[in-house]
Structure formats: C-alpha cells, structure tokens
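See the structures that follow.
The two complexes that follow have chain A in common; it is paired with chain B in the first and with chain C in the second.
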Partner chain A sequence: MGYTLDFSVVWQALPALLWGCLGTLGLALAGMTLAMIIGVAGVAARDSKAAWLRAIVIGFVEIVRNTPFLVQIFFLFFALPLIGLKLNPTATAIIALGVNGGAYAIEIIRGGVQSIHQGQVEAGYALGLHKGHVFRFIVLKPALRAIYPSLTGQFIMLTLTSSICSAVSAYELTSVAQRIESDTFRSFEVYFSVTFLYLAISWLLMLGFAVISRRFFSYPTR
Partner chain B sequence: MQDQILIEMKRVQKWYGGYQALRDVDLTVRKGEKIVLCGPSGSGKSTLIRCINRLEAIQQGSIVVNGHRLDDSIKAIDVVRQDVGMVFQSFNLFPHMTVLQNCMLAPIRARRIGKAEAEATARKYLERVRIGDQADKYPAQLSGGQQQRVAIARALCMQPKVMLFDEPTSALDPEMVKEVLDTMIGLANDGMTMICVTHEMGFARQVADRVIFMAEGHIIEEGAPDVFFRNPQHARTRQFLGEILAHH
Partner chain C sequence: MTPHFGLPEFGFLLRGLQWTVLLTLVAFAGGCTAGLAVALMRTCGHKGVEWITSVYIGIFQGTPLLLQLFVVYYGLALTGLKLDAFVAVAIGFTVNASAFLGEIWRGAIQAVPRGQSEAAMALGLHYSSRMRDIVLPQAIRISLPATIGYLVQLIKGTSLAAIVGFIELARAGQIVSNQTYQPLLVFGVVGAMYFILCWPLSWWGSRMEARLALANQR
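Up next, the complex of A and B:
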C-alpha cells in the first residue's frame, strides 16, 4: 500500500485529455443529430399506412434495444467490411451512437406523440392540412416538449456510451485516457480525472439542453 | 344563387363497430342557410357534421359538398376540407403558435398562398372577431371565449363556403358564451352558410333558418324555428325541448 498519488502526469497530459473531451463532444453531438433524425423519421414511419414500413421500424427498435452496444459497434466495425463496407473508427462510432440512440429516441418521441390530444390532429385535418403537415407543424413540437426531459436524459446516456467507442479506437476521452494510463501506469490519477471530465461534459450538455428548451419550448401552457 | 345546394347527404349510415350512430340521414343545405342541430347527447349530431368534412367516414349513402362527392380519394377529401371550416367544442388552437401563426398555418401550407397575404388575411379576420390586438399572444394567454373567437377566425382564414360548429359554447364559462354567440351571429348576418350543433336555443331562434332535432342517429323532425319551438310534432322533440328549455 505504498502508492503515492502523483497528479503531475495528469497535469502534463491535460492538453491531450481536453482534446479527448472535444472528441467525445464531437461524437456525442454528431450521434445525437443522427439519433434525432432517426427518431423523428422512425416515429413518422411507425405511423405509416404501409405495414412493411411499420414492421421495419418495430424490428429495428427491438433489435437495437435488446442487444449490447459493444456488439453493435463491433458488428459495424469488423463484420461490415467483410461485405465491402469499410468505415473509419470515427464514422463507425457516430453511426453506432446514432443508430443506438435513434432506437431509444423512437420509443421516447412516440410516447410524446401519443400524448398529443386527438383534437389537435383533427383541427389540422379540418383546416385542410395533410397528414405530413399535421405531424410536422402541429404534433411534433408539443410532442418533443412533452418528452424533452426523457430525450435529453437519453442523449446524456448516449454521450457517456461514447466511451465504449474506444473499443474500435475512435478518438475520444476514454481512448486518450487509456493511452496515457498505459504510458504512465497512473491508473487512479488518470481515471479519477477522467471521471470529472465526463461530469463536466454532462453538465455542459445539460446547460445546452436548457438553453434549447428556453429557446424553443417556452411557449406558455395553462 | 340563393338556391345553390352546398351540402347534400343522402341515406347516410354510419357505424362505430356494431353501434349505428347515423341512420338514414338525409340533409340538404343551400347556400346561405343557417341550420341548428340539436338533440340529446349520443343522438349523432356531432357525428353528422364530422362526416361532412370527413373527420368520420360513412359506410353507406352519399355526401356531396359544393359539387364534390366525398369518397375515399385524398383528392376529394382535400377539396371538401378546403371548402368547409370547423369550430370545435374544445377550441383546439395550436398551443405552440401565436394567435397569428395559428391563423396563417393552413393558408400557407394547404392553400399555398404567400406569407404576406396570409398575414393580411389573418389580421382581417382577427379584427372581425374583435381580437386583433391579441395577435401575438399564445392561446394559453387568452380566455376561453377569446380562444374560441380565434378558432373561428382561423377557420375563416381558409375562406370556407360552409362553417360547421360543434358545440362551440359548451366548454365556455357562462360569461363568455355571449361573445362567441355574438361572433357567430355576425357571421350569419354576413351570409355565411352554417351548421351549428348547439343547445343555445336563443341563438337558434335568432339566426336559424331551420332547426333539426336528432335522436338515436335519426333526424326526427325539422322546421323553421318559430314553428319548431311553438309546435313540435313529435313526442320525443317535445320531451327534449321541455328538458332543455326548463333551464333557460
């Protein structure tokens, strides 16, 4: 038990760790954007008249939500090249995070859509709007507002999950930390510091989510 | 032009599963006519007007609106909905849009008119329902009566040929009923063709050309208001009028 804490290695590696934080933020923001697109498109498709389209969405959500993220990203990284689809680590990470987050986003956003009063939809139809317009202009925003806390919570999860992308050596905080640790053998100091850096990233994102909420969802309700 | 038929329903049958909501409904509405539909709850009066703009599908019979026969084609439904405005019991304003945006959405997206023109039209109708000064507020910031007047303006912005009212004052506090009825009376006096599901018999007396009484999915009887109220033909109508007028 003669271990002496020495944080100087962390201090020296701080620039690398901060770049790692930027890598994590980049993966997370790109992943969230993709997840959001998949989420909204998936909810719209889940409601489609075409049974095959609904079946695809349901199957997609079932598969993604009931298999491990690590297996999903390994599949993208190691299995897809065998059929000629080779992606670099960053692209793999973004797609894996977006697909995984998208499946959860579909379920969450769908809950929001179902919370919208049918009268809103009928008012849209009565005004001569089409189904697509009703979804886009009438249903979507109040639906997102209703589930905003769950959705942003899921996006924080997505951000933390990005650490698993170190498994395909994507450039992000955990892979940077692993490299520093294997160079210095200062496991405690490195991962202790990284813990706080993840906490800082999460807080930063929550701040961003709060700003977005105030900007888009602050309309008064009773 | 006074004789132009805007709505023609023939032998309309409507089921919800095993329950028949409309039975053999025949109804002809001419341009400029004001019709009040009344009857006990569950009698099918809301269902009837919801069939006219195809919020509900019918199983048998035919509905022709302004010369367009309502069938399952998207095209027919589109054309009819552009001609028919509707006001709901629960207002159904869009909470995330200002009053002005509520009124501009459908003209821009469904009628594809320009933004400036849509705004001018919206402001004109908001003035007409005397709520022009609230254009930039959100629905939740308005009283129920104000919200319902906005809903009327929003429907008018699509320049409909017919307006359907589905119990427009039933969700309102008593002191707000009058402002909405006054707006509807103004609309009637301007010559709008209207079908109103309402229990406001004072309104019926004042503006209706015909009052129609429904029960159990049938049209039981109809007539000009003075005849209808003074001398109802059917026992079922007399019973209903007795119950409803006792409160007034």
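Up next, the complex of A and C:
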C-alpha cells in the first residue's frame, strides 16, 4: 500500500476545528431558535379558523418534510436575494435550518398541545389556581415534558444536518474541514477525525439534555 | 449564449432522477440485508455482540450522513481499489441504512410480545425457525411505518451524493442551474421531483401507522 495515514495535519489544525465546532453549535442554536418561533406560530395557524391559513401550514410542512435539505438551502440561497434579503452564507444557512426545523417543530409542538386534556385545565380552575398557574403548571410543563424527548432529538438532528450548510460555505465544522482538506490533501484523515468531533458534539448534547430533563422534568418523588 | 430551461434540460433532470431512484433502491436493498444482520446481532442475547452493534448504530446515528459519505468515499479510495463513483456512494448509503434499519428492526423485534418466542421455545423450535416463522413476520408488520419513514429519509439523503460529485438529481439540478442561470425554476422543479417521489411514501407510511395504532387499541 503506497499511502501512509498521517493524522498530524489534523492535530495541527485542531484549534481551527474546535472553532468550527463552536460555529456548528451556534448555527444549530440559531436555527433551532428560529425553528421554535416558526413552530409555535405554525401551530397557532394550523389550528386557526381560517381554512386557507391551515392549508398553507399543512402544505409548508409536507413540502419541507418531503424534499432534501440540500435542495431547500440552494433554493433559499437564490430566493432570499429576490425578496430583498441579501445575506451572507451563514445567515442564509440559519434561515434554511430554521425553515427546515420549523416544519418538524410544528408537528412536535402540536402533538404536545393535543396531549393536554381540556379537563385538566378545568380541574386546575376548580382547585382555585389562577390563570397564570394553570398555564404554567398544568399546560406548559406537562406539554414540554411530553415533547421534550422529540424536541431535543430534533435539535441533535438539526446539528447534524447543519453539516450540509457547507454546500453554501457557511461557517461551521464541515466547511472548516473542507478548507483544511484542500490545503493538505489529507481527505480521509480530516473527515475521519471530524466525524468523531460530530459524535462528541451529539454525545455532549444528549448528556446535557438528559441532565436538564432530570433537573426540571422529573416528577417529584418525595 | 445561455440556454433556457427547456425540454433537453428537463430530460437531463429526469436522467438525474433515474440515478437517484437507482441509488436509493441499491442502498435500500443492501441496507435491508445488512440491517437484518445488525438487528439480529443486536438482539442475540450475547452481551459483547449486543454492545458492539449498539456502538455501531450509535456512531451512525450520532454523525452527519455527509461526513459518513466522505469517510467511505475517501476511505475506499485509499484502499487502492478503482471504484466507480456510483459504487462508492452506494456503499456509503448501504452502511448508513444498515445501522438505521438495524435499530428500527431491533425495536420491532423487541416489541413482539415475549410470550410469542417463549411459546415457540416451548414447542421446541430452534433459533432460526423461531425467528423466521414466529418473531420476524410479526416484527415486520410493526416496523413497516418506520421502515417507510427511513426510505423517505434515504431518498432525500441521496442528494448528498451531489456533494461528492456523483451526478444524481440534486447534482443535475446544480449543473442545469449553472448553465441556464434560472436557479429558482430549476431547484423548484428538482424539489417537485423529490416531492413526487417522497410524498406518496410518507402518506402511505402515516396511514399504516394510524391503522396499526387503531389495531393496538382493540
């Protein structure tokens, strides 16, 4: 075999790669924030009285969920300037992630809202809780508890999906890796190492989400 | 002179669509075969084997598909084998599919009531007959909605082959878009083609899921 693996290039580029990790996390966090806004607004519109509004939301969800993210980001990349939004690649990537994640968030949040039985709210009022407490303890917390696993899973999915944003050269881990690869020609070494950086990111996120869940969403046992 | 988006360009996209479908079918067939092996190993009862397969599945679920493709693509190139781009990306998607389908079917195998395999054991059936005749036929029914869901994921995922340079639908769209300077029209058409491919499957999957949920209620 004429090729010897050389991981020293990866070691030298480690600071840049770690910055890339932060870029990925930032991109995913901004995208998820936008996705949540779209999700909540979408759920409100999905259950509104106006039939055309409901149709738009259903159409949006189906289109986003049945086309590849790569095609979505290319489309937005060219469509956003036409509506007057001249953005840099990273901002375009955030919008694309937000739109993509938003469609999935609509479905998830809607499931959470539907899981709260109307009788629960009435029972809360019957017990003499005021409006704020009913919303906080009877609607919000159980709904969040119900959707927490799928919502955090969606966040991790979005973090992994953000690697595709390298196709429009947004600042994140994969595009950093591509730059290092084109400088050093050590394709396999670079991508192999970066794959494990992504694995570390998703493990850390999973661990963090489990800690949060135990701290905030566990039922009181005492 | 720049060509406009016309019939020849549409034909080029259709040929890209053919490669997308072919790539999906090859990866799905390969993924089903390897995924069955993964699912059986994951539920075989041997602690070490189960642990190794759970790590295997965890790696594929915790890393981006794009990076998995890069690693397989450039890793295969290192072995010195002169592989066609199609073969290389097909292997990449197959490996990914084996992990995801393996995990889906593990869940389905474990969802088959224990009494079924216990009864089969009591009847003296050995492992292969127990799996083939009792557990798997029931598990397949349970896993069908999720399996179809993964198939849709796979169709969408094959678009990433465009980034490593294989000309399927998404890459064909990029090429036509660069030639005609009509990116919105081209990517709109490409998106519509993916949608026509994926949406009936999604619809079928969710209908089956609803029917299965109804059957379990009774």
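One rule holds in what follows: the second predicted complex is superposed on the first by the 188 of 222 C-alpha atoms of A that agree within 3 Å, B and C clash if a C-alpha of one lies under 4 Å from a C-alpha of the other, contacts with A are read in each partner's own complex, and residues count from 1 in each chain.
The definition used in the following text is that a contact is a pair of C-beta atoms (placed from the backbone, for glycine too) under 8 Å apart; a residue touches a chain by one contact, two chains touch by 3 or more.
Owing to the predicted nature of the structure, the values given are computational and were not obtained by experimental measurement.
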item: Which of chain B and chain C A:Leu129 touches, first, second, both or neither; value: first
item: Winner by number of chain A residues touched, once chain B and chain C are compared; value: C
item: Partner chain in contact with A:Pro142 - chain B first, chain C second, else both or neither; value: first
item: Touched partner set for A:Glu62, first chain B, second chain C, both or neither; value: second
item: Contacts of A:Ile95 with chain B and chain C, given as first, second, both or neither; value: neither
item: Partner chain in contact with A:Phe78 - chain B first, chain C second, else both or neither; value: second
item: Contact set on chain C toward chain A in their complex; value: 59, 62-68, 70-71, 74-75, 77-80, 152, 156-157, 159-160, 162-163, 170, 173-174, 177, 183-184, 187-188, 190-191, 194-195, 198-199, 202
item: Residues of chain A touching chain B in the complex; value: 117, 119-120, 122-130, 133, 137-138, 141-142, 145, 219-222
item: Of all residues in chain A, those that touch chain C in their complex; value: 1-3, 5, 62-63, 65-72, 74-75, 77-79, 82, 156, 160-161, 163-164, 166-167, 174, 187-188, 191-192, 194-196, 198-199, 202-203
item: Chain B residues touching chain A - in the complex, by the definition given at the top; value: 53, 55, 78, 81-82, 84-86, 88, 90, 92-97, 105-106, 109-111, 138, 140-141, 151, 154-155, 158
